[in-house]
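Two complexes, one shared chain (subunit A), two partners (subunit B, subunit C).
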Partner chain A sequence: MKKLLTAAVLSAALATPALSEPTKAGFIYIGPVGDFGWTAGHDRARKIMQEHFGDAVETTIVENVDYGADAERVMTQMALSGTDVIFAASFGYGPDVNVIAGRFPDVAFQHATGYIQDHPNVSLYDARFYEGRAVLGHIAGKMTETNTIGYIASYPIPAVISGINSAYLHAKAVNPDVQFRIIWTYSWFDPALEADAAETLIEQGADVIMQHTDSTAAIRVAEDAGVMAFGQASDMTQFGPTAHLSAIVDNWAPYYIDRVQAVMDGTWEAQNSWLGFADGIIEMAPWNDRIPAELQAEADALVAAIAGGEYHPFTGPINFQDGTPWLADGEVAPDVDLATMDFYVEGITADLPN
Partner chain B sequence: MIRLEKRKEPSKFWRIANPFLAVLLTMLAGGIMFAMLGKDPITAIRLIFFDPIFSDTFGSYSRPQLLIKSAPLILIAVGLAIGFKANIWNIGAEGQYIMGALFGAGVALAFFPQPGWYIFPLMIIAGAFGGFLWAMIPAILKTRFNTNEILVSLLLVYVAERILAAMSLGLMRNPDIPGFPGSRDLRRYEAAYNSELIANTGIHWGVVAALIAVIFAYVMMTRHMLGYHVRLAGQAPRAARFGGVTPARLVVVCLGISGALAGLAGMFEVSGPGGQVRIEFASGYGFTAIIVAFLGRLNPVGIVLAGLLLGLTYIGGELGQMMLQLPSASIQVFQGMLLFFLLALDFQTNFRLRLTKGARA
Partner chain C sequence: MILGSINPAVLMAALMVAATPLLLAAIGELVVEKSGVLNLGVEGMMIMGAVTGFMIAVNTGSPLVGFVGAALGGMVLALLFAFLTQALMTNHVASGLALTLFGLGLSALLGQKYVGITPPRTPKLDLGPLSDIPFLGRALFSHDIVVYLTIALVAAVWWFLKYSRAGMILRAVGENHDAAHALGYHVKRVRVLAILFGGACAGLGGAYLSLIRVTQWTEGMTVGAGWIALALVVFASWRPWRAMAGAYLFGGIVVLQLNLQAAGVRIPVEYLSMSPYLITILVLVLISSGKARGSLNAPGSLNRPFHASS
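So, the complex of A and B:
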């Protein structure tokens, strides 16, 4: 009897470490977790995910990782140290993720906003930011007094271009005189450059600043200049309480919890997820009080219509910039057009950089 | 009373000893910083300086990575050091690095998808030429119009970055993937791929080139007339002029050599570890190499050690982030400390502290 008990205790003791061996999730970020924007959004979700699982999950992060050789090295080191799932939270990691995924077929790779899926262990996930941009465009079109909206853009990639088009179409719909001025920074996070861009746009007459870059610099500039602005990826109200009208807030937490759970259950499979308002992946930051109640209600209704599937931000008739037709009346843009978008819609006067 | 006294001759001993002392002081001060962040300083220092080389888990991977990370730094720094010795300040190696990569990749993309043994050598020549050409702009502006090469070479970095972005979005964009910036992956084009020469060693052509450049620079600086002219111009410009050194020619030669080497580094990176022309291709090697050059005392052998050391702090710094959750900014502070302590310590190369009897004041 005693022997049996000892054996049971022993086997339990042996089994426990295996059971309590936490699932390891690694995160690599292009910016610092303190950017108050994009990377902050991913790290917020990581922490919620960590809290959700408690000791069952161990998370680790490496921030400010450049694309290319650096990213490959960090992911390799993560894989070597027994990480089960790696979240690469930036568009440009695509080629690197796929190189490393080929070398470590047992590690699950989750690449945010990417498009390359060379291996069965690479999942892609993205948010339909253009849905949020439609709401921002609507508000901007109504709020602007100079009819000029400034747009700080990072890289001319489909996600950014579709955001500009969506914002423009919805601003134009409520304000036919609206003009967009666009500055490209070729960086996701460069506070000095973003501040310069914001100042230039304001000098050019913009009284609403939109950004597809990750720092809070433009919000501060807008606050000082007495113009309006939208935050990026996180609620940036604290950096411009008067200027900050709203922001598209990324909420990756439900997705991260879902995917890590799948890894723990052994049911993880590569996917290609493109989630929007309907999935709770993006939300709008609280409306600024200076937005009239009527406009707030319109914006709420727009969010609800997109979330409910009654309205798609890219519904025809929409023409290409040169006036040739893209979408016929009532036609909804197919996902593939949005995911590879490399053109402006009619009415935008700027040229796409190439 | 403590008095400062200028040494008649810079101290040879301290010149050699200071870098080592600076590393020790950095470990000490860095350890204190890590402790203040609530991390175990011993573990942190071990992760940064020892684990990349000696750890069982990471060593076999990190050791080759050390060469991959250090080779471009060394290659660029060796070239810069030659100019720095002659008081010719090429601060724009980053731009020359980018142009070298673009020229090299341009040759590869022009030949794609043909096979051919001659493609890679052509890329090497094109890469060196691209960097050389970009360095000739500040060189000619300086010799013709007496502009400041520091300013011109630095500003040309930003021009090069824009050309890189334009190439990634336009001319060199991969036509097979519409909508996304970036060229074809050169790692998938065998004739252009700068692959590892011996598997799992990290040794690619860039590492070999760095080694050759170090030897070449060492011989040139110690044995060759040009090296003598460089040193003379740096230490005694007037004497150099009397000694038959043409300042203009020296400017062209020094900027040309450093530009070509930076261009080579860019070409080996884009065809190997970097893999493709993309907007974010440049990651600051050209600037970090300036630190490497000074940390290595502008001496080719010293630069090898300094390049490896800085490479080590990058790779170890990532390990520290991953294993100990050190913030990346603390790693940058740590690297900054290294240069800070070195420059501070260099004070005693030229000066000495004397204790004197206090009555004099």
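So, the complex of A and C:
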């Protein structure tokens, strides 16, 4: 038996071709990989990427890295230990990424959902989450019985604000009486606070809960209260099999494989990618059976129309919250407006915090 | 104004639930500090309680056993702190901080297989006709048993510290350990017991989060509750009933700001969400300034290591 094992090990060792140094990819995350949301989505993609390349790539992760000094320390450490490409998977790492990128011009930096690009070795990548939010809004508008939708938001940044606007516009389109109640938690991950927020929204009449925060707490609360909810960044069905209608699932894997391949080939250069349904970067979690077949078909059609480029979720006429016009009839929102969005559209009654 | 959508009874009920984990941790730490020990590891002990309570409740199917396990989980970590500070005479502050980091890491490791699992439900206490009283029924008499036991614990600690002989010994040890030692009291034994009590309470507070308030285990789920509990003790000037008032105030701010936001009231949310933490910082600044100590009623020997030879 022992001999057999030794032989197996030997043959395995011989079978491995003599490779040059593996490409090293480092990932820093704002939350734990076990959040079942945002960070889990990135780590899922990292694993797929790792599997795709096998031994040719070596990945390292650091979880729960705070913005600022902590992030700078971790990225410096990674750069010094020979990492070729660093993925910083949260909006707030922007300034830190650019500081460290300046110090290590030979390392490729990939910053998720950011907007600062001070150095030629900083790439930005983001997903058009508002495309997914349009689908959620459409479903929510049709499914709500109280005409009240509760929205748990994290920070008032463009990605979150455009998500709220997109969801609202599409809920309103199918249900003119719909109302949004919005709670800002000022945190990406605080299960107890998110649970409280969900309870508050339900208490104030919401029967569909949407969230742009990373924990699964709100889904559980919705399940217990017998209302509906949408997951965030990952399929969260297991936390509320009845409540969970669907979720926007982040699928960064194709992009990660693409970029790491570019690093290996030596063709990597800084880009600013904003990818959506068409690129397979976001997709919808399986529809819950309680969504009527007709509505499921509508949602599928909406996804297809957005992916095919026939429909843009922000197509005029759309007014600013105060009623002044933003987009004329048939006009499509330019990307720059969406990437810097700091206003609510007409119809949302709450005030946007600055 | 759409304040009408806020139901004050529900607000009160949510406030009591939000305050309970803070209060549990704070009342434990209060006793610890009364004995002259400053344990900054509350956050670590809470999260240990959250994970051990959750694991045990899931495996036994009983939330009650889970809570017992949570108390033990907190105590195990507290025992480590007691060993470090009482036997090895290490610095309280450094040991406490280390305990928090250790607890956060260890709990993440232990809980890996428990992410995404639903724990057994803790039933609401059936208070019969009391729950049917308008307003008060919903606000005060519609909770799980832990909420009431926590209030009872505050009363018990108050009585213990004020009237019982053992409580007076504990206070003597905390006020002046040299004098207490000269009188023949076992300073270290008293302190170890107090530390263990603090660990058990923090563990219960953590389990309240994982088993009742959030009903799931997620890594790092306490998100600073332990630090607020620490600040509450100072905020309360080491008085049990004030700790309860403080916990309800802190819980109240959180719940109120959520309700105001959902109702669409124009409020500076940033400042309201910040306020518990701002108060925490303010209070921690106060505790560290020497002059204010007397007026704050701090135990005389707080944070001073004791050795019989000194």
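Things worth noting here:
By definition in this document, the second predicted complex is superposed on the first by the 335 of 354 C-alpha atoms of A that agree within 3 Å, B and C clash if a C-alpha of one lies under 4 Å from a C-alpha of the other, contacts with A are read in each partner's own complex, and residues count from 1 in each chain.
Note that in this section a contact is a pair of C-beta atoms (placed from the backbone, for glycine too) under 8 Å apart; a residue touches a chain by one contact, two chains touch by 3 or more.
The structure presented is a predicted model; accordingly, all values stated were derived computationally and were not measured.
Once the complexes are laid over each other on subunit A, subunit B and subunit C cannot both fit and instead clash. Legend: residue contacts after superposition of the two complexes on their common chain; A:P353 is shown touching both subunit B and subunit C. Touch criterion met: A:Y186 reaches subunit B and subunit C at once. In the overlay built on the shared chain, the residue A:P32 is in contact with subunit B and with subunit C. By the touch criterion stated above, A:P95 is placed in contact with subunit B alone, subunit C being left untouched. Look at A:T340: by the touch rule set out above, it reaches subunit B but stays clear of subunit C. Of the two partner chains, subunit B is the only one touched by A:Y115; subunit C is not. In the superposed model, A:N64 makes contact with both subunit B and subunit C. Put simply, of the subunit B stretches 5-13, 59-67, 185-193 or 221-229, the part that bumps into subunit C is 5-13. In the superposition on the C-alpha atoms of chain A, the part of subunit A touched by subunit B in one complex and by subunit C in the other spans residues 32, 64, 186, 353. Contact residues on subunit C toward subunit A in their complex (touch as defined above): 5-7, 10, 14, 18, 21, 108, 112, 115-116, 118, 209, 213-216, 218-223, 225, 254-255, 258-259, 261-264, 266, 268-270, 273-274. Considering their complex, residues 57-58, 61-62, 65, 68-69, 161-162, 165-166, 169-170, 177-182, 185, 187, 269, 273-276, 278-281, 283, 314-315, 318-319, 321-323, 325, 327-329 of subunit B touch subunit A.
Residues of subunit A that touch subunit C in their complex: 31-32, 34-36, 64, 150, 181-187, 189-193, 195-197, 199-201, 203-206, 215-217, 220, 224, 238-239, 349-351, 353.
Across the interface of their complex, subunit B is touched by residues 26, 32-33, 60-70, 72-74, 76-78, 80-81, 92, 95, 99, 115, 155-158, 186, 339-342, 353-354 of subunit A.
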